[in-house]
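Two complexes, one shared chain (chain A), two partners (chain B, chain C).
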Partner chain A sequence: MKYLIKNVEIDPVVKEKITGDVLIDNGIIKKIDDNIVEKVDEVIDGKKALLLPGFIDAHSHIGLNPEGYGFEYDDTNESSEPNTADVRAVDGFTTSDKSIKEGARGGVLIYCVLPGSSNPIGGLGFIAKYSKSNLVSDFILRYDSCIKMATGENPKRCFSAKDKSPSTRMGIASIIRNYLFDGKNYIEKKKKSQKENKVFTEYDNKMEIAQKILERKLPVRIHCHRAEDILFAIRLKEEFGIRVSIEHCTDLIKVQDEVKKSNVPVMLGPVMSSRSKVELMDMTYLSYKTAIDREIPFSCISDHPVFPVETLRLQAGMAINYGADEREMLKSLTIYPARILGISEEYGSIEIGKKDNLCLWNGSPFDSRSKVVWNNIDGFIN
Partner chain B sequence: MKKIIKKGKIFPVTGESFIGDILIEGDRIISIDENIDCKDAEIIDAENLFVFPGLVESHCHIGVHREKTNQYSDNDTNEFTQPVSVDSFAIDAIYPFDHGFKEALSTGVTTVNVFPGSANPFGGIGTTLKTDMNVPFEDRIILKNSSLKMALGENPKRTHTKEIMTRMGTAAIIRRTFNEAINYRNKKDREYNQKNEILLKVLNKELPVHAHAHTAEDMLTIISIAEEFDFELFLEHATESHLIADVMKEKRIKLAIGPMFTSKYKIEVNNRTLKTPSILYENGIDDFGIITDHPVIPIMNLPVEASMAIHYGLDQDVALKAITINPARNLKISDRIGSIDVGKDADLIITDKHILDPTHRVIKTFVSGELAYSMNEERLFV
Partner chain C sequence: MKLYKNAYLFKNDQFVKRDFLIDEGKFLKIGEVIEKNDNDEVIDLSGKYVYPGLMDAHTHVGIFQEKAGNFAGDDVNESTSSSTADCRAMDAINPFDPGVVEAKNNGVTTVCVLPGSGNVIGGEGVVFKTNVKNVYKERVKTPKRIIKLAFGWSPTIIPRMQKRKPLTRLAVSAILRENLEKAKNYIHKEEKDYDLSLENLSLLLKNEAIARIHVANLEDIETIVRIMKEYKIDYVLDHATALHTNTEFAKSLNVPVILGPLNVAGKAFQTWHLSFNSVKDLYDVGIDVSIMTDAPVIPLKLIRLQMFFIDRLKIKRSEILKMFTLNPAKVLGLQDRLGSVDEGKDADFILMDGDIFDYRSKVLKTYINGIHVGGEEI
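For the complex of A and B:
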């Protein structure tokens, strides 16, 4: 299908805004110009509204715990054991979560869905795009794109209550390190059986994942709030040479030098929630400004349902209120998470060759009064 | 940047006191003399004041047992769930900005060794670091892995009611664990195991053991185990060491005594007394350290503990060594820390009276040549 969006203010995110038309053919942006004349299947009159790429929420639990239900639909944490590397968020994802629709109302069309943070090693996350379909497969952009790990209070609370390790941050570190050491042994074992021309009879799901982590094929997303947890994540990256991003990064300001030096991306947020536990004591919107000032790669996340994905844009707005640059905050919802998630070839900005992941806004997304009036999946929204 | 501390009464610890100047360049002491002239140096006037090396606390839990929140979520001292927590590293759980570091600086303590707690026969690995919170955390570290913490007596019994019922049980677990490590060493085709690799370092005398022991029988048990397995042993607390002073003298075991200001809150400290240091001294032992075990007693008590030992008969010079060079030597960092000597770290404190006069005040604390605490500016404690 070929369609033309006419008469809009285009914010490509990576360039200056222009007023004009956008031509889309078969889901790909083909042309951006002042005035495009072309035979198309459909013409959308933008009425001078603001065209933005759909937002990307790089850290979400959407679909894993549809709100309003209890145990039956709570599939965020497989907290039966501390290492559940081989559980996949996609296997718990339900398309009936009403937040998916609400998220689209807030301009969020792409989310990276991760298992929760109760386990030191939580499981595999995936990247989804908004769809009206009931089929999970219609949502998928990338299967098993990353692995979630967690430090700090959540694993401590979860497992010490069961009289199991970890009951401390030291215990969490030990479990994660030992998993990766076991992974190294597993790689050696595999190589050895290959060398000896033997059939490998010790295939292990968790170890296969450890191998991918160690071979840098699978990025590790580590939930860290406190300074010591952030420093541990950086240490882990250096010790094993793995790919790491720091999720939440609540104490960023205190350890900004170390984070900057390590070059790890930070997924900042949610700040739009209460300081419900000790490790959130020093939570502040100023973190966004710090990340921008220090040129630390970052994105703005909702951690839905910790706070609702629909209001992700308002969290970014609050960051602006606390001194963060508006352009940068727009990037933190679009091109920055796209780069960190490895999907920036297709998503994150309005450029020729990229996919049509688009929202029309009747005002600035950082203003609570603005609305998404059209997106490329639902069409016009009342 | 150079600094001269001028006209202070200098107590080098390793020599006689005298009135003179100390020249600092960068983080080192580069000259000590009766009169030093250096044009481009900042002058710090210490006339009528006292200059001591920064104090050393060789056994505390600052940063892993965080203060002011009083919640389990903020306490990472003991991995309660596993009696053998060899691969628990204190460094992964030290909150770099814990209140205890501030308290240490205001007391003149510039180096602390942070240990995991005493709930487990094998508690984990300690970390030695400086207390200046303005410096990035990794730059504060002196020894990433200072030693293996072990524990005997009531605490492991109380914690592990399933695995350990008696002191016999604790000793058996310790012997079993070392024997497993020996099996590991002897295995030809062994897979890397973090726990056993650490234990092999202990057995190769690359990593010392610091063992929590209060009663005479606990001390004698671990001494005999150390002889059986031939590892390097330091005794922590050593509450009843004055009852077996002759054994301590004969075996030349290095001791860290304290905290001496507690109630008899458990049976194994029934014989706790401030006379322990003086009795040991009378028996010809003068190389012990004194510890606070912060937060068991607050670190600000370190010089007071030493002064009370003098009250009960300890020699003043020995008491000063017990909070400076002796703990530094117990940690094997006395080439850098613990006395005022040319080439050593510029960790220095300026006081208005002798540090062992309990009415003294710490006026300035320098860590690695930088001013880290100033009484007049911060007025943290009066």
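For the complex of A and C:
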């Protein structure tokens, strides 16, 4: 299908705004110009509204505990054992979760869905794209896109309550380290049997994943709030040469030098919630300004359902209230998470050659009174 | 040989008068008029209606006994581990379970009994006729062995109470993959100790067994299909209570579906959308639908209840009847032997005093392998 969005204020995110038209053919942006004349299947009159890329929520648990379903249908945490590297968030995703549609209402069309943070090694995440279908396969943008790990209070609380390891940060670190060392041994074993021309008969799903981590094919997303946990994550990256991003990063301001030096991306948030545990003591919207000032790659996350994905834009708005640059906060919902998640060739900005992931706003997304009036999946929204 | 004369058979939605000859437990000949040979015993069935014996490819009769107390006769889930591939339904079947006897008297001639859905890998199922005494010796051998799997939230219910894996659907998939991976390693190992669980799981990978998958909501159907395709396993979807919510997807799977039980309370979110209309939604896109009672969820003696409700959907009655006869036979790979009144097939049939779709009609006599084994009349 070929369609034309006419008469809109286009904010490409990576460039200056322009007023004009956008031509989309077969899901790809073909032309951006001040007046496009072309035979198309559908013309959308934008009435001078603001065209933005759909927002990307890089850290979410949407669909894993559909809202209103209650604890019986909670698939967020497989907290039966500390290492569940081989579980996949995609296997617990429920397309009928009400918050999916609400998220679209708040401009969020892409989310990276991760297992929860009860386990030191939680499982595989995937990237989903908003769809009206009831099939998970219509949501999947990237299957097995990353692996979730967690440090600090959450795994400590979960397992010490059962009198099991880990009950301390040391225990958490040792479980993660041992897993990666086991992965190294596994790779050696495989190589050996290959050398001896033997059929390898010790395939193991968890170890296959460890191999992918060590070969830098699978980025590790580490849940860290406190400074010591952030420093551990940076150390892990250096020790094993793996790809790491720091999730939440509540104490960023305190360890900003180390984070800056290590070049790890940080997924900041959620700040729009209460300080429900000790490690959130120093949680502040100022973290966003720090990331911007220090030029640390970052994104603004909802951690849905910690706070509802629909209001992700308002968290960014609050960061602006605390002195963060508005342009940068827009990027933290679009091009920055796209780059961190490795989907920036297709998503995250309005540029020729990218996919049509678009929302039409009747005002600034950081203003609570603004609304998405149209997106490329639902069409016009009442 | 026994010659039955003047029975009404239901062919292409019409009643036709037919004679049929039974020899060594099989329908030898069916015709408008069959002449009597000297040694033939003649039975006149004037005014009586003959249907194939009813079949249910998904039950727990015999292992989840009726009228046996809550604990004593309940052997349906070995819920001490999530993978009990070494368990066999056969070892727990009480052929004298009132559920089996009443099934026989109400026209059910063949059942498949599966382990329950408490475990991700439940164990092996078995097929037998309802006049069975020694299940092992008299069971109906299927071309492929039957392994029961359970997917989605069901296999998390008991572990959640026991506070062990799997607590989530995430781990249900992981457990299945983990065990299949072990079986794969087992197949390729040159030196190995015999392992019953892995032997049974290997059957799935070697295409010598079919996976019978308890699954409900659409997302879980997608996940299990992904895994079955990855490991190239033959499968059937059991329950599949939300499959009809995307018929295009359902059609693309090209697998038989055993739907039901339909007249039960939809407690879970997984059965939210299930109704009798679901049968028509799936039938209309060309899926081979069978209906289960999941007995004792619905006792087999009430098997015809669902038939009456499906009849209201205005599907051809001969097609509805197939959902209770030939289609379950196909699922089990027994369509050449069971499921219809046709020459060469086992003489498993029921004699009724009226139309099977009329709730007032009774099963007068049930015949298995040509022998009168029960009915409502006695």
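Everything that follows uses one rule, which is that the second predicted complex is superposed on the first by the 382 of 382 C-alpha atoms of A that agree within 3 Å, B and C clash if a C-alpha of one lies under 4 Å from a C-alpha of the other, contacts with A are read in each partner's own complex, and residues count from 1 in each chain.
To be clear about the criterion, contacts are C-beta pairs under 8 Å (C-beta built on N, C-alpha and C of every residue); 3 or more make two chains touch, one makes a residue touch a chain.
Keep in mind the model is a prediction, meaning the values are calculated, not measured.
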item: Room on chain A for both chain B and chain C (clash or fit); value: fit
item: Partner chain(s) touched by A:Ser80 [first = chain B, second = chain C, both, neither]; value: second
item: Which superposed partner A:Asn178 touches (first chain B, second chain C, both, neither); value: first
item: Partner chain(s) touched by A:Val43 [first = chain B, second = chain C, both, neither]; value: neither
item: Included angle at chain A between vectors to chain C and chain B, based on C-alpha centres and rounded to the nearest 10 degrees; value: 110
item: Which superposed partner A:Arg88 touches (first chain B, second chain C, both, neither); value: second
item: First, second, both or neither for A:Ala161, with chain B first and chain C second; value: neither
item: Touched partner set for A:Ile28, first chain B, second chain C, both or neither; value: neither
item: First, second, both or neither for A:Glu228, with chain B first and chain C second; value: first
item: Closest approach of chain C to chain B (Cα atoms, Å); value: 18
item: Chain A to chain B touching residues, read off their complex; value: 153, 156-157, 159-160, 163-174, 177-178, 181, 184-185, 188-189, 226-228, 231-232, 235, 254-255, 257-258, 277-279, 281
item: Interfacial residue positions of chain A with respect to chain C in the complex; value: 66, 69, 72-81, 84, 86-95, 115, 123, 133-137, 162, 199, 201-205
item: Complex interface listing, chain B residues touching chain A; value: 63-64, 69, 71-82, 85, 87-97, 116, 124, 136-138, 191-194
item: Chain A-facing residues of chain C, complex; value: 153, 159, 163-174, 177-178, 181, 184-186, 188-189, 217-219, 222-223, 245-246, 249, 269
